[in-house]
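Each chain carries a letter (A, B, C and D) given by its place in the written order, and its residues are counted from 1.
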């Protein structure tokens, strides 16, 4: 059917793809399939699994909420993680958009690059170190409280609360939003915006009817990135929340660690991945619609 | 005209100040951290006196030095390997249509959408099974068993590095005029020559970006690494995390500052190299005509 | 069995990748474990059987680093130490198999789990002559009645650490943390299901290891209430936090209060009236240890009087080594005594061993606490 | 005798979509051949198959008698000027041109000399050290041309190379290309959708439509004697009128259009009553100021009403709607000193059409 040349070309492309794809299959697809399998097995006493198929973990996942009165079940916590992440995504977007527009609006390449580097530097530095820095800054005896003292203001407790976890989510996510947004804003043809202005649209209308649709691809990509990053955050709630603002990743860790219940941990993990995947597929669809 | 001008000025100011606030927020914690790494006080936010003790203590700290060397060893191998794999993968994916492209895309998306904690947990589960099996097959006893350690960390790092670097390389490939490669083939270059002489120079910023991405992801990764470490293979983020969890140790401020400084150096070097590369492309007025 | 086939398929797919990885493995030089007849002579045992290196898995900051450098200088064994911050972390590593560690330090209930899961090997006492130094009171505990698998490394207590400047009358009851906490956002409870739930149970009048469902329900509610006030569940930063004054009252280990005291003499420790916990960390050798012989030698080395004293003065726990106890400095004794960390006969009556039956009950109680709020 | 490039029964399918349909094409050595057609007619694909950038689904290609169907592009003595120019952005102008020579490991001095010659040929001698993004579109186009000819290919393929240039430049480049073709003496295959380009430069033009060559002929033949309605409409402007053969006298026929008749010369043996299509170039349509339907001559031309007059600069066009029919005819007349050659003709005026028999071309419907 196809010519020898085409067959050679196809083989070459396959050979180029294979190592990378195999690596991801071996280190992601297969291990994750294993986790899916674990979620249907029974827990062994000191961690690990017994090869005995059961739906107990999923039943427990759903049942915990019914029993819950004082404490949250898994579904509630899952929902909270999703909700927080969605809010964090919106706040990050609101902060990032002006920044991206501002950078794209600089006239000289030097100014653009300098600002971009400024945004990118934290992106390239250890997230752990940055969260640690936030913790250091906001500690009861930390610099911020020291300054409050200096100005005769009352010291405040910042750390170990849902609020600071939320701030941490935004803080760690900011560069991930700015970069794709900047890429999109940079490509916007200013003439289109002027044209919209000429046609009598006010600033708000221009923003929503011309600007947003033009940067939609970058916007959706950034939002997806930030959401997926946030919804499974482990370090931020651990280091800033002190166990008082746990998110779903902490519970997964707790099940694999303290509770030594791998099937339960797997079941929560599978649910979380399913949610993330749904979000990604949705954003991919939006973006492919935008392109066509 | 003047009103339009003032309006533009006003909007630039608004954008600028929001951007400034965002950047300030991004940098304040890190800046404070850097400052306090020179503070002689062991605790609290009070400035005592300038000292380099915390930096001086680093070389004598065996645990820390080992963690640093592990991190570097892993990053320095994982970065080139994953950059090559990512470039191959990008070429193989962007080279044309093929059967199963959609499902391949989905698989390649896994490392990006999968929550880190789940990746870590599933790798632990899969690798421990695989190692057990491998040791059985090879008849390796306790003394010489293949076990978790730098190789397992390296594998895990290469996998996620490759996935993320591929994103960047693919983006730059997509922006490339496909006619460039065709022109090269047409002019008598083989595929191999075409890659080295045309495609690679054209996508170099993307490849460089991918490599930088891989490098920082590798140096920075905590959660996944945590699950696949073995004896003696503790990396810097894990060491930092462990120290954050125990006693006060201001040397962590110093280490964090060093990481931050190193990131900036690498980034600026990369940008400089790129700027140098594009400067070389500008013709100098006195350069003689080729072959003249 | 179909599940078996699934695993096989999975393994076959991963195998080549790991094979490649194994080529890069750089620790294949450990000698085989041998428990020969010749008893250990000297501090380094039989040098011909001694390995070049040893992997040691220990709690973070739980040994004077000098001990390991000294051991390397004296016996030529490079010890690679990695650290964990919870017993579960250790168990997970051992469960995964081929951890590569030849020596680990689990706490008593964890030791029991490890022994029951067949993850530990029996100790060859002939290789550990210094075992004779051990206080008989610290031997024969529930998890290893004949000390076949374990020997004590260090022990300490769980109680309350507090900053005396913050209290007019020093706290003597768990209520100061659980339900009459006057220092909201300046207090913490250990981030550990047994320590946290156990202490709550003790406060409520149950045994530390109680499996009474009613007790657990009450303990759960108590902890969920307490969580609203404390700054964190924390078994890591609280030492630094106590020292810096970030936290003024915390559920804590006795030795940890000691470490905090080094930086901040206002930190004191008390075993509450309702009772506290006496726990012990133990030397154990995993069943798949790459170099059991060298591990035996290191255990014996650490049970030397001078080494044992050095370890205890660093950790600020209690040594089970009677010979080492004689060498402890006055500074150590003063710190322990003045800090309320020392255990006398009166305090000992209030202490119960950390024994656990059903981990399932504890973890479901703890899970409720973790997910609350 | 053999053509330089031969396509035999070449078909190209993308999925189920047939782009080139069982095409036979013979390109002679040294000629300037254009592939002309609307976008999507398969002309670019044909070119890419000759270059080896696309492989035919069926059929064979040969170059100089040797089968090249399965030869990769870099082994074909064929070079291409791409529509986007595809200059290597990281190489200077001279390095771009030297690219093919370097791949052949030619000597330094030889490369330098050949690059210089090529640059001279495209008149870019003083831009050797510029980079592609520093020169204009027209200049880039010249560099692309120099790059493609420097290695003296047997065939030079040009894929709509002028489409990105502005009108003035495009016309200048036509002459340049023609000159270079003459100077080099190699075969040019030129793809375009612009009939003006095809007609002015080519020795022969292949008009393509939906993957097939409809007509392959010299430009004059195509213009004067289009073989089909499509060709007639595509080559130049033509009035295509439905008509019926009224009388046939030897190789002359009289056809009935609208309410009148026109003489036509045709080699077809059309019998009376056959429905045909007429093709008349606008320049050859005469408009007679009709005065109340008074007709002269044997065949009274159809009458109509002027519905549109457009000033085109050097000419004026008039559109006439034929009476008793909804067909329209366009007539074009050169202006003399800026004055409309149609005189005082106005919209709404009635006119009568007349043509020379040689101007009216008959196509079978």
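Note that in this section contacts are C-beta pairs under 8 Å (C-beta built on N, C-alpha and C of every residue); 3 or more make two chains touch, one makes a residue touch a chain.
Since the model is a prediction, treat every value here as computed from it, not as a measurement.
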Problem - Co-neighbours of chain C and chain B - touch as defined - result: A
Handout entry: Farthest chain relative to chain A (centres taken as mean CA coordinates)
Key = D
Handout entry: Mean-CA-position distance for chain D and chain C (Å)
Key = 88
Exercise for the section: Can you check how far apart chain B and chain D are, centre to centre, with Cα atoms defining each centre and the answer in Å? Expected result: 54
Fill in the blank from the handout: Whole-angstrom distance, CA centroid of chain A to CA centroid of chain C, is 36
Handout entry: Residues within chain A bordering two or more other chains
Key = 23, 25-27, 30, 34, 139, 141, 256
Exercise for the section: Would you mind listing the residues of chain D that make contact with two or more other chains? Expected result: 52, 72
Completion exercise
So chain B residues touching two or more other chains come to 43-44, 126-127, 129, 155, 244
Problem - Every chain pair in contact, whichever chains are involved - result: A-B, A-C, A-D, B-C, B-D
Fill in the blank from the handout: In the complex, the residues of chain A that touch chain D are 1-6
Exercise for the section: Could you please specify the touching residues of chain C with respect to chain A in the complex? Expected result: 1, 3-4, 6, 10, 13-14, 17, 86, 88-89, 91-92, 95, 113-114, 116-117, 185-186, 188, 191-193, 220-221, 224, 227, 230-234, 244-246, 359, 363-364, 366-373
Handout entry: Interfacial residue positions of chain D with respect to chain A in the complex
Key = 52, 55-57, 69-72
Handout entry: chain B-touching residues of chain C, taken from the complex the two chains share
Key = 7, 10-11, 14-15, 17-19, 21-22, 24-28, 30-33, 55, 57, 60-61, 65, 69, 80-83, 85, 92, 95-101, 235-237, 239-240, 243-245, 259, 263, 288-291
Handout entry: chain D residues within the chain B interface of the complex
Key = 51-53, 72-75, 78-80, 82-84, 86-90, 92, 94-95, 98-100, 103-104, 109, 111-113, 115-116, 125-126, 128-131, 134, 147-148, 151
